[in-house]
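Chain naming follows the written order as A, B and C, and within any one chain the residues start at number 1.
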Amino acid sequence: MGRAMAEAIKLRDAVAFSGSFPLLSGVNLTVGVGEIVLLNGANGAGKTSLLRALAGLVSITQGSISVLGYDLRQERRSVRREVSLLGHQSFLYEDLDATENLAFWLKAEDTRDDRIAEAFSRVGLTDRLLVTPVSKLSTGQRRRVTLALLYARNQRLWLLDEPHAGLDASGRETVDSLILDASHSGTTVVFASHELDHARTVATRSVLMSGGAIAADVKDQTEGGAANGS
Amino acid sequence: MHRFGQAHSRADQIQRSLGLLALVGMIATIWLGLFITPPDQFMGDLVRLIYIHPPLAWVAFIAYGMNFLASLAYLWPRTRDLRWDQLAGASAEVGVLFTGLTLVTGSIWGRPAWGTWWTWDPLLTTTALLFVLYLGYLALRRVPDDHELRARRSAIAALIAFIDVPIVYFAVLWWKSLHQAPTVLNPTTHKTYIHGSMAWTLLLGFIAFTLTYAWMVMIRYRLGAIETRALESQVSSALRDRQLEGSHE
Amino acid sequence: MVRDALRIARKDLRIEWRTRVTAYQVIPFAVVVIVLFGFALGPDPQRLEPAAPGVFWLAVLLASVLGVQRSVAIELREGAIDGLRLAGFDPAGIFLGKLCALSGQLVILEVLLGVITAIVFQVSLASFWLLIVATLVATLGIVAVGLLYGVLLASSRVRETLLPLLFFPVVAPVLIAGTKTWQAAIAKHASTGLGWLELLVVFGVVYCCIGIVSFGPLMEDA
């Protein structure tokens, strides 16, 4: 149940404030369906704010913003159902275990839902870990749980804030393969990362942010995913 | 940047006239109240507090009513404007001041009349609770945050508090009425003894205090407006700085 | 809305079951409060007995603040509240779910506390139906106000100190009405308690409605 559109994301001079501090100072960005975009930039450049704005969590006060066909200045809440955000916080309930978390967040009827088992096996989480409370899992394991949720929800737009952070080599491979698979099935992915060399092998395009706006936009010639021209 | 008292002369005029009228009204009330009106049969000169205490309470209730309406106006999408929030805040501050004074004058009145500094009189008790309720509201307004966020939070807190007021009043009223209240003179039911010059003075008192309230709210409101203007210019320069930060990299 | 409410309520109760915070921390705290009041008011039964209902409700109110803080804190850890917004949970459902879960926990506390109060303060309880209904309704009202302020202050750094200051004046009528209904129940004059019960119902309905309507906007700022 989505809206037909040419671009997945379109921002024009978008401005967002937190109090009197401008998080975004005029972002211009267009992303086509199925692209994999790497968001690059120093700390404080506005990467997290941009991702949150695209998820409809931060309100844009000037300019225009359209995500998956939704005008976020009119209906900020509607887009959330079709977007997955992977942030610095895990959004998990620490006192529950991974299975219970997924059952809750997926709004499943119970924990025996097939999607859950499949998601866990996809991200490589074994049985024992599935029944320990999240608070007892390592950062990497928690990240895998959130990746499992990401995979299971299967939304059209993925917004990932430093998805590789805290993961070992196999974890990073998992992230990469998840992103590539998703892109092949039509999901648009925007992810922020400091690990440029690694990230560039996945992304089809690299965007540099600075001072709350886009400073540079580079399309990689290397094969990274099924991207439309834009 | 505007210099205080320069550009908005019309608002200044209104403010000055309000202040003047209020002052005249207060002086007249005090003069009439202290010297011209007669002392009461039973309470003697103590009755002169009637020109202060009920008007103070009246103004306090107006202030909270205003706070409620302004908060509603802010929350209503079509009339959303930070100025309503300013008005709500200004009104609440003046309201808390007048509420405090109401409690003090009520207490002073009660002491010679009943021998205690405090009785659980329904109106006075409700007023005491209002005092604390709105102190909390003011504490909430002090939390440093984005102005829009603070305005929204305060407005909803104001609603929660105001809707509680009638409930509190009835609860305290029933609570107290279960204890056969002493049939000694009760200041709040004293109206039957008011006549002639006392009535006019009382009316004048109400008017004078209301004018004082309006004058104080206006001053506080304009102070808040200056703060907001300062913030707006700060916001635009912050935006420019951030954009420059981007182009330098 | 109802489905979301049930999910949230189940989730909150499951977390409580795992961590036993209400059971092992809040209930003992309330018991301590009752005992301390016993010390404060003296061993003379003539003084203790009339004070029992008031002390009970004070202990409940103090425990409620703890409960609300905990309920809100659960959502703020790891940003679950943002997750709830993103996952499209109906805010009114979230409010109702948390309301039911926390009220349920408090009711268990109240039963225990009621028994303990009766013992420590040496009163005999009768007119149980009045007690039960009044206590239930009062609890819903208290929790509604608590959750409203809790989420209002969620993004504020001073939530822990500001919540009690805002909460207690607003629930003062519940303290009065709750105490009066218990007194009526003890004195076996159920009819006098009915008026107070009405007030509790009005309070509960008003603040539950406010909660249902404003939880969404409040969450957006959290």
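We adopt the following convention: a contact is a pair of C-beta atoms (placed from the backbone, for glycine too) under 8 Å apart; a residue touches a chain by one contact, two chains touch by 3 or more.
Here the structure is a predicted model, which is why all the values come from computation and not from measurement.
Chain C has the Cα centre that lies closest to the mean of all protein Cα atoms in view. Comparing chain pairs B-C and A-B, the larger number of C-beta contacts belongs to B-C. Comparing mean CA positions across the assembly, the chain most remote from subunit A is B.
In this assembly, the C-alpha centroid of subunit A lies 39 Å from the C-alpha centroid of subunit C.
Mean C-alpha positions place subunit B and subunit C at a centre distance of 31 Å.
In this assembly, the C-alpha centroid of subunit A lies 50 Å from the C-alpha centroid of subunit B.
Within subunit C, contacts with two or more other chains are made by no residue at all.
Counting only residues that touch two or more partner chains, subunit B has 145, 149. Within the complex, the subunit C residues that touch subunit B are 145, 148-149, 152-153, 155-158, 162, 165-166, 168-170, 172-173, 176-177, 180, 195-196, 199, 202-203, 206-207, 210, 214, 217-218, 221.
In the complex of the two chains, the subunit A residues touching subunit B come out as 15, 17-22, 25-26, 42, 45, 210-213, 215.
Within the complex, the subunit A residues that touch subunit C are 55, 57, 77, 80-81, 83-85, 87, 89-96, 100, 104-105, 107, 133.
Within the complex, the subunit C residues that touch subunit A are 3, 7, 11, 14-15, 18-19, 74, 77-80, 82-83, 85-88.
Interface of subunit B with subunit A (complex): residues 145-147, 149, 231, 234-235, 238-239, 242-249.
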